[in-house]
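Both complexes shown next keep subunit A, but they swap its partner, so subunit B is in the first and subunit C is in the second.
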Partner chain A sequence: MPRTIVPIGPYHPLQEEPEFFILTVEGETVVDIDLQIGYNHRGIEKLSERKTYDQVTFVVERVCGICSTSHPFAYTQAVEDLISVEAPPRAKFIRTIIAEGERLHSHLLWLGLAGHFLGYNTIFMWAWKLREEILDVMEILSGNRNNYAMFKVGGVWRDIQAQDIPQVLKKIESIIPTLEKLKKAVIDDPVLHARTKGIGILSKEAAIDYGAVGPTARASGVDRDIRKNCPYGAYDQIDWDMIVTQNGDVFDKVVIRINEMFESIKIIQQCLARLPQGPIDCVIKDIPPGEGIGHIEAPRGECFHYVRSDGTNRPVRHKIRAPTFMNLPTFKETVIGGTISDAAIVLAAIDPCYCCTERMAVRNRKGQTLWTGEDLIRLSQEKTAQIKTQMGQS
Partner chain B sequence: MIYLLYLFIFGFLLTGIIGLFASWIDRKLTARIQYRVGPPLLQPLNDILKLLGKETLIPSGAAQYTFLAAPLIGLVSVMVVSTILWVNNMNPQQTFIGDLIVVVYLLLVPSLSVIIGGFASGNPLASLGASREMKLILSYELPFILAILVPVIHSGLSIRLGDIMATQAQYGIIAFSWSGGLALVIAVLCMQAKLAFVPFDMPEAETEIAHGVLIEYSGTLLAVYRLTKHMLLFALPFFIIMLYLGGIRGNGLHLLYGTLEYVGLVALLSVIRNTNPRLRMDQVVRFFWGPMTILATIAVLLALGSY
Partner chain C sequence: MKRQELLQTLRERFPDEILGVFEKSPKRVYIQIQPDAIVRLAQYLFKEIRARFNIASGVDGRNQMEILYHFTVEDIDLVISLRVTLPKTKLEIASLTSVFTAAHWIEREIHELLGINFVGHPKLERLLLPEDWPEGVHPLRKDYQEWDPNAIRDRGV
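For the complex of A and B:
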């Protein structure tokens, strides 16, 4: 059968970010997939080498609008690991509340988009309407809807006021019935079953081999959650369950995310009820030479930050590994063999976030001239000389 | 001359206006289901007018004349269908024998025009959409024709729309019999597929193949496609009302009932569209060739039994 190439991207209504999937298809069956990213590269790692440790928290917050808590959280953990301090208990609880709020709105965003990818725009609108409630909660807590600016090396910037807590609890509780309704609409829909069950299966072995993280791995039966395996924040003091399902198809990824939202609500409620008294940050005098790592469970999986210091007020090296980086290769397992119609939802099922992933892009530049700074200056001077002679002639 | 006038006034103007209104009902209802406000009444018209003023691009790889002609073929066929339906409805005795078959054929042409346009545009996604549209036609056409057979049998094997309506005026509407009700359900689902609405919108699936067949169309040509679709939103429910619900007669209470039936059918399409995800191509083929064809055959057998 003749093979054709179906491009998804770089600009395509399927996903909001610029990315380029090259699907090789026979008829409607996908036989190969290739992926190109790098359209969105902003050099954040390099940028953070020019900022002070406190400024970097705000830089990494802008890695991605949806993961605007995961990155500062992991970064502050890394710096705290580097200087061996621990945030005070109250700060840990506040961090946990903000992180779970982010997970709630991120999962709702994904659920809406997944509906949209399947042509089910009602789910899209419902989920995003519900997400507004959570953004309201976050606005009460942090003053912002998306980039919360709460994190600080050694603590948090802003305290949760006691008079806000009843209002937040009430709003969180009011979300539950709507979420239940949405869960019913999604999990009990036979047509949705037809579209998502048994589609894009990632086996447990493949999930481990590819190093998949987060809901993508947990849907395949890999019980890996940084919040449980390597507790940070207040997660070890809170009662909550890790959600794991066994089938690894798109439907299980939906189920995982929906059930995780209920767990997040549980965590936020407990944290607010048991918020300890005390300071919200600790004083940090200076940063010694050395290196530190921080990893947390972002909505999409493990988010990993590495920071190296030489004793000055700026990091010498800052490395970010976003969860999507680990989950992207699983497309080789899940997309190939399915149809193009399924490819759309399977590509979306890992909840990809390309602006998180695009820390560095390496392109095969074989056969192309590589210009250095000196070359460019020389070229520019030659061009100027050329223009001068032209203008002299005319 | 009088027929040209019919074609313009009924086939184009009236159908267009009602079609735009139906599309507004669909959009408004969709918005209300999704907790949105929805567009104002004239929005569908404004959309078309805006598109008419936009530049029309013809891709360099396209077969030019086919690409330009395809939308017009669809529009003209809907105009002719609507004219036949209107004339039939106003004066059931004036039409020719076999107009039912002509209508069924002409209702297929807009889908064919989409296929022609999709292949002519020379875009891989458009070809993919066109091939999906082709599979879609192959799947829904069989149960659709079986469902249409039911009123034909009820009216004493007449293939004249006028006779079918006269039978219903005399003996009550066909949808109230077992076979008629079953056939109506099947016809409504086939109509959903003919209009390429969710769950059968694979040819245009926005998030999969970026509007597929229409990907290269812009400006006036896209406006013509949109208008064709709005007009189909009039012609198809109207055709089904004539076949199963006795048509819309122009006197008092009947007119009210007819209008309500029409609005109800459009609302039903809209509700189905908003409570389902898009199906996959193989699932659609299985759905129409399996359960739908079997049910349609049962409906035909029931109709034959009572005949």
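For the complex of A and C:
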């Protein structure tokens, strides 16, 4: 059967971010996939070497808009590991609350998009409406709906006021019934079963071999969660369950994320109820030479930061590894052999985040002619022709 | 296996390969190893200890390059970083792609950003940098010079 190449991207109405998939299909079946990334490469690791330790917290917050807590969290953990200090208990609880709030809104965002990819826009509307409630909660707690700016090395910037807690708890509890309804609508829906069950299966062995993390790995039966295995923040003082499923298909990834949202609500409720008194940060005079590692469980999996210091006020090296960097290559396992109509949802099932993965240089074209619409069409056609010749077609 | 047992076993199994062990904190261990032993040690950690490969960090030092291979042993909450140092005259090390697939992308990234050659990598192509980026220019090196007069980049504070 003749092979055809279907390019998806770099700009495509279905994707929120620029990435370029090259699908090779035989009829309906995908036989090969290649991926080009780098459209979002902003050089944050290099930028980080020119900023002071306090400034880097805000730079890494802007690695990604959705996980704007995960990166500062992992970074502050890394610097605290470097200088061997721990944040005060109250700060740990506040950090946990913010991180779980972020997980809630991130999972809801993904659920909405997954529904949208399947052509099930009701879920999209419901999930995103629910997400607004979470964003309101985050606004009460941090003053921002996104990019919360709560983290600093050695603690947090902003305290949670006692008079805000009842209001937050009320809002969090009010979303539970809607979330239950949403869960039922998603998990019992025969159409969703048909579209997601047995599709895009990632085996346990492959998940381990690819080093997959987070919900992507846990859906394949890999029972690893940084919050449980390598506890940080307040996770070891709170009662919650790790969610693991065994099938590794898209449906299991949906189930994992929905169930994790209930766990997140549990964690936030307990944290708010048991919020210890005391200071919210500790004084850090200077950073000694040395190195530190911080890793935390972001909504998409483990986020890993490595910081090296030479005793000055700027890091010499700061390595950022976002969860999608490990999860993205599993496409080779999940997409090949399936049909092209399933490719979109399988590609979305790991909840990819490209700005995290690439973290990097906007090239200025100032003073030069800007691209016109015709130029862009021509560029796109040239690129397609180029790929075709590369793949041995004309 | 507990942490001390694990470190003891490692020392016994690889007496010549391990050059030094630095126990930074209860959860972090750094092990300096011979560069040519990386595949054997990674294989042991991944297959026998069931450690998960987190990522590798390349660091440009003054006289040499370093690569740290981070592994997490989740059962005992320990991050083991294998450190290799490479002389700037010979930036070459064996690829870990034969041990686990997880090494494919990061080796491509370190190759383009720092210019370290991974011997045995099946597809050592660019991952992040654009097509018009000149060959032999590695942006994460300390001696990196701006080559594009039109670029706006952060010049620090």
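The rule is simple: the second predicted complex is superposed on the first by the 358 of 394 C-alpha atoms of A that agree within 3 Å, B and C clash if a C-alpha of one lies under 4 Å from a C-alpha of the other, contacts with A are read in each partner's own complex, and residues count from 1 in each chain.
We adopt the following convention: a residue touches a chain if its C-beta (ideal position, glycine included) is under 8 Å from a C-beta of that chain, and two chains touch if they have at least 3 such contacts.
Small disclaimer: the values here were computed from a predicted structure and weren't measured.
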First, second, both or neither for A:115, with subunit B first and subunit C second: first
Partner chain(s) touched by A:89 [first = subunit B, second = subunit C, both, neither]: neither
First, second, both or neither for A:10, with subunit B first and subunit C second: neither
Subunit B versus subunit C as contact partner of A:28, first or second or both or neither: first
Touching partner for A:126 - first (subunit B), second (subunit C), both, neither: first
Contacts of A:224 with subunit B and subunit C, given as first, second, both or neither: second
Between subunit B and subunit C, more extensive residue contact with subunit A: C
Contacts of A:195 with subunit B and subunit C, given as first, second, both or neither: first
Which of subunit B and subunit C A:339 touches, first, second, both or neither: first
Subunit A residues contacted in one complex by subunit B, in the other by subunit C: none
Residues of subunit A that touch subunit C when the two form their complex: 37-38, 41, 43, 45-47, 50-52, 55, 81, 84, 208-211, 224, 226, 229-231, 290-293, 295, 302, 304, 306, 308, 316-317, 319, 321, 325-326, 328-329, 358, 360-368
Residues of subunit B touching subunit A in the complex: 30, 33-36, 124-125, 128, 198-199, 201-202, 205-211, 274-283
Touching residues on subunit C, where the partner in the complex is subunit A: 24-25, 27-28, 30, 52-55, 57, 59-60, 68, 70, 72, 74-75, 77, 79, 81, 100-102, 104-106, 126-130, 139-140, 144, 148, 150-157
Footprint of subunit B on subunit A - complex, ascending: 4-7, 12-14, 28, 115-126, 129, 189, 191-192, 194-195, 339-344
